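Heads up, the next two complexes both have subunit A, just with different partners, subunit B and then subunit C.
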Partner chain A sequence: MHDVFDFFTSYSYLFYLVLLNVILALSVYITLMAGQLSLASIGFMAIGAYSSALLAMNVGLPYPLSMICAALISGTIAVLVCMPVLRLKGVYLAITTVGFGELVRFIALNSDYLGGAMGLSGIPPATETWHLAVFLLILIYGFRTLQRSRHGRALVAIGRDEVAAKTMGIPTTQYKVAAFTAGAMMASVAGSFAAHHTAYLSPGEFTFTHAVLVLIFVVFGGLRNYWGPVLGAIVLTLLPEVFRFLHEWRMIIYGISVLLVVVFIPDGLLEFGRFFRHNRNKAGRSTSGPTASEAKLG
Partner chain B sequence: MLSQQIVNALSQGAFYAMFAAGLTLIFGVLDILNMAHGAVFMWGAMFSWYLMSVLGLGFGPALVLTVIFCGALGLLLEHTAFRPLRKRGGGHLAPLVSSLALSIVLVSVAEKLFGTRVVRYQTDTIPFQKSLDVGFAQISLLQIVLMVMALFLTVSLWYLISKTKLGRSIRALQENPKVARLMGVNVEWTITWMFIIASALAGVAGAFLGVAYNSASPYMGHWIDLKGFAVIILGGMGSIPGALLGGLLIAFAEIGTIVYLSSDYRDAAAFVVLIGMLLLRPSGLLGSSKEVRA
Partner chain C sequence: MSILQLHGVSRSFGGVRAVEDASFTVERGQLFGIIGPNGAGKTTLLNLISGLINPDAGRITLNGIDTTKRTPQYIARHGLARTYQTIRLFDTMSVRENVMVGGHSALSYSFLAALSRRKIFKQHELALIDHVDFLLDTVGLADRSNDPAISLSYGEQRRLELARALAAKPAILMLDEPAAGMNTRESENLSNLLRRLVDTTSLTVVIIEHNVRLMMELCDRIVVMNFGRKLKEGTPAEVRKDPSVIQAYLGRAA
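Here is the complex of A and B:
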């Protein structure tokens, strides 16, 4: 028992990182379910992190409350942003949301109030790794409920073919806005966790590269259901750690692994097992999300 | 002072145009965002730096070798990241991620070979160092060469697409890949050449940027990718003259921001222009009226 405890304490940061990345991957996944390729998650993570930190430091809000307020702020911004932005399709949407994330970062970088390039320090530390685990369990329960519900099926229908979904009477705009906002709030909570975990924030944590890595987690894991992003984030967070002894080679292995999975297992790592289990019933999958190769994304 | 800034903006715009021309060519025809374009650009700079500063070659031969090398990288890109996915057919997402993965590999290999630090050129290897005083501004010979080169390359690319056999194939492919194949267009061959040309252009842009700023690093591809997206959306996806126009406009927006606001906001300028453009006229200034809105 003592050994198990030791194991958890010595790898506690890694557990935290895995959980954080899984939450982020799910925040990207929910917009992808509705066929919207948004890279805004990192921007909303930054908004969540900074608002929660400032609310805790300057207003003196206690920790869970600052996080909830930050999520509400992010949600409001998401609704405002997505009204014009969600009219765009596919790659155009992706590039605009990258632009949004970069603008958020520039504001953080150039504002003295937000600490500028030096970053924000002295944030009251409050996050424990188990907080993330609890939040993740709630999220997974939420995704499970969603996937079996009318709303989940509506999102998947929009993801497969937006025009057809609209024709069938699904209010596509409302669903897209809802998915975008939910993703933003999830990312915001992840940001608050991060802010109160390290007690320090800098704009360098929220770059385009991070936004893109989260998207890679999702596609690497698979888009068929919510376990795909979970698996993708776990594997790709651990991969560089496992190969740490290879030094500079580890990122090369990382890139090649992603390339191999995307090229040879079109439905993501989650579907790897199905290569060997052809007799499984494939017909009963109509409620699951579109795969990377099926998703038209506009 | 202002005229000096205009000269700087023109030469900066020339970079952007050279970089974005390849990006827009691939997007316009294949509807694919090539995320490894910045990594090829970075290799253009690092490879030419290696040839010039370590092996002691002149800028001319180094540029020629860089073009060949980056063309080969384009071939690699097409064969590993795009062709297998195209065979399967499918959306934007898979090629986007596969090219991202390859870009991670390219950047990590550069890190491994050249180290993670910014490298400098030996001062005597930098070409066209003379600068001309034309009364209202100082123009370095390098800036002139760069502008002429950018103009020449975009015009030749435009000529290639509108007048040659390869260009006809490219335009047919853009119109309708299936029909193009039925009409006897060698689709795979055409796409392969598009990637070679696009990557060679990125390599030239990289080599020039390296000498112009006297610095190169494995990470220089990240920011130019973002600028490239802004340029091709502004100019209109798939339009070669649009890349030239978009590049110049982004450069002027940036230099304008530096002059009238602060150099801190320089990088934000491109995105403000980009987002404004997408919301007002998403098909870009010179873009085709392809559907971009939901």
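Here is the complex of A and C:
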């Protein structure tokens, strides 16, 4: 028992990192469900982090409340940003959302109130790793419900064929705004967790590289359901740690792993099993597709 | 009251008059056919009726409601469902899920109701699955319900689109070349199915098809389009005899 406790305390930071990345991956996944390639998550993470830090430091809001207020701020900004941005599709949307993330970062970098390049320190530390675990469980429950409800089907339908979805009576714009806003709020909560965990914030934590890394988690894991991004974020967060003994070579292992998965299992790590099953009975059609379980009701 | 009325509907794309001054009335319970050579404006007409594009002039009424400038969503919720000439399925979803999306507007529970597992959520979903399985059985795809839509053959995909359109329990169903890519037996089955649907339910069907023989056997009333204009309207027998129709299809007699 003591050993188990030891294990958790010595790897506490790693658990925290895995949970944080899973939450971020899910925040990107929900917009991707509706076919929207948005890289704005890191920007909203920054907004969430700075908002809750400032609300706690300058207004004196207690920790969970500052996080909720920050999420509401992010949600409001998301709705405002949505209106012009969601008219764009594909790479144009991706580029615009990258611009949004950079805009947020530059504001933080150049504002004295936000600490500038020196960053913001003295944030009251409050985040425990189990807070993230609880939040993640709530998210998983939400995604599980989404997948079995008309709302989840509508999102996927919009992602696959927006015109057809429209003529099925699905209010596509509302759904896209809702997905984008929900993703922004998830990322915002992740940001608040981060701010109150390390008690320090700097604009360097919210770069374009981070935005792309989170997207890689999602693509690496697979897009078919929400376990894809969860799996992707877990594996890719742990990978550099597992290969720590390889020193500088570990990032090369990381790159090669991503490459191998994208080339050989383009549908993501989640389809690993199916990949082999498919090769074994290529001739026959798969009768027991995993989609059978999706149609069931919880 | 007739279910669908068009009054002088026109639409141009650049300099091309895709549909010009089209007027006709579809009565409840009719199997209404639209035929015409390629480029006659048939698909544009369906896009106008379903709200994907707006007319430059004219008026469209659906079930007594003016839907001329309405969104596709509004028109869908007021009882119109359609299929597409170029199949538009949700390719990664299973056959059953595709049809379930079709039933989207028949359900009304909120996401909060789903999250709190309220009774209405389970009731609606179970009722939808029942209905969907019935429809898949009707179009002969019951044994494929868990397969991804993309794994179906061309003819099967057309039948799936039909089931998906029916899932909304529409008052009027518009089919854009539903028999394209089907063999003779399949298209015979399709026309039997459509006839049965129209006779046993209160469904109205508007159908575009190139297979003129199929249309002559199937439809109660036919509109012939040529170069965006209505050339002739009448029963199949009247249309078949009309010299202008024969000319449009076969060219001028020597």
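Keep in mind that, in the parts below, the second predicted complex is superposed on the first by the 275 of 298 C-alpha atoms of A that agree within 3 Å, B and C clash if a C-alpha of one lies under 4 Å from a C-alpha of the other, contacts with A are read in each partner's own complex, and residues count from 1 in each chain.
Heads up, the rule we're going with is that a contact is a pair of C-beta atoms (placed from the backbone, for glycine too) under 8 Å apart; a residue touches a chain by one contact, two chains touch by 3 or more.
Values in this document were obtained by computation on a predicted structure and should not be read as measured data.
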item: Touched partner set for A:215, first subunit B, second subunit C, both or neither; value: first
item: Which of subunit B and subunit C A:142 touches, first, second, both or neither; value: second
item: Broader residue contact with subunit A after superposition on the shared chain, subunit B or subunit C; value: B
item: Partner chain(s) touched by A:161 [first = subunit B, second = subunit C, both, neither]; value: second
item: Which superposed partner A:84 touches (first subunit B, second subunit C, both, neither); value: first
item: Touching partner for A:169 - first (subunit B), second (subunit C), both, neither; value: second
item: Touching partner for A:151 - first (subunit B), second (subunit C), both, neither; value: second
item: Which of subunit B and subunit C A:263 touches, first, second, both or neither; value: first
item: Contacts of A:224 with subunit B and subunit C, given as first, second, both or neither; value: second
item: Residues on subunit A lying within both footprints (that of subunit B and that of subunit C); value: 292, 294-295, 297-298
item: For the subunit B and subunit A complex, residues of the former touching the latter; value: 27, 31, 33, 35, 80-81, 84-85, 88-94, 96-98, 100-105, 107-109, 111-112, 222, 225-226, 229-230, 233, 264-265, 267-268, 271-272, 274-275, 278-279, 282, 291-294
item: Subunit B-touching residues of subunit A, taken from the complex the two chains share; value: 32, 37, 84-92, 94-96, 98-100, 102-103, 106, 109-110, 162, 207-209, 212, 215-216, 219-220, 248-249, 251-252, 254-256, 258-259, 262-264, 266, 292-298
item: Touching residues (chain side subunit C, partner subunit A) in the complex; value: 50-52, 71-73, 75-77, 81-82, 84, 88-94, 96-97, 100-102, 104-105, 107, 109, 111, 114-115, 117, 121-122, 124-126, 129, 145-148, 151, 164, 168
item: Of all residues in subunit A, those that touch subunit C in their complex; value: 141-142, 145-146, 148-151, 153-154, 156-157, 160-161, 163-172, 224, 285-289, 291-292, 294-295, 297-298
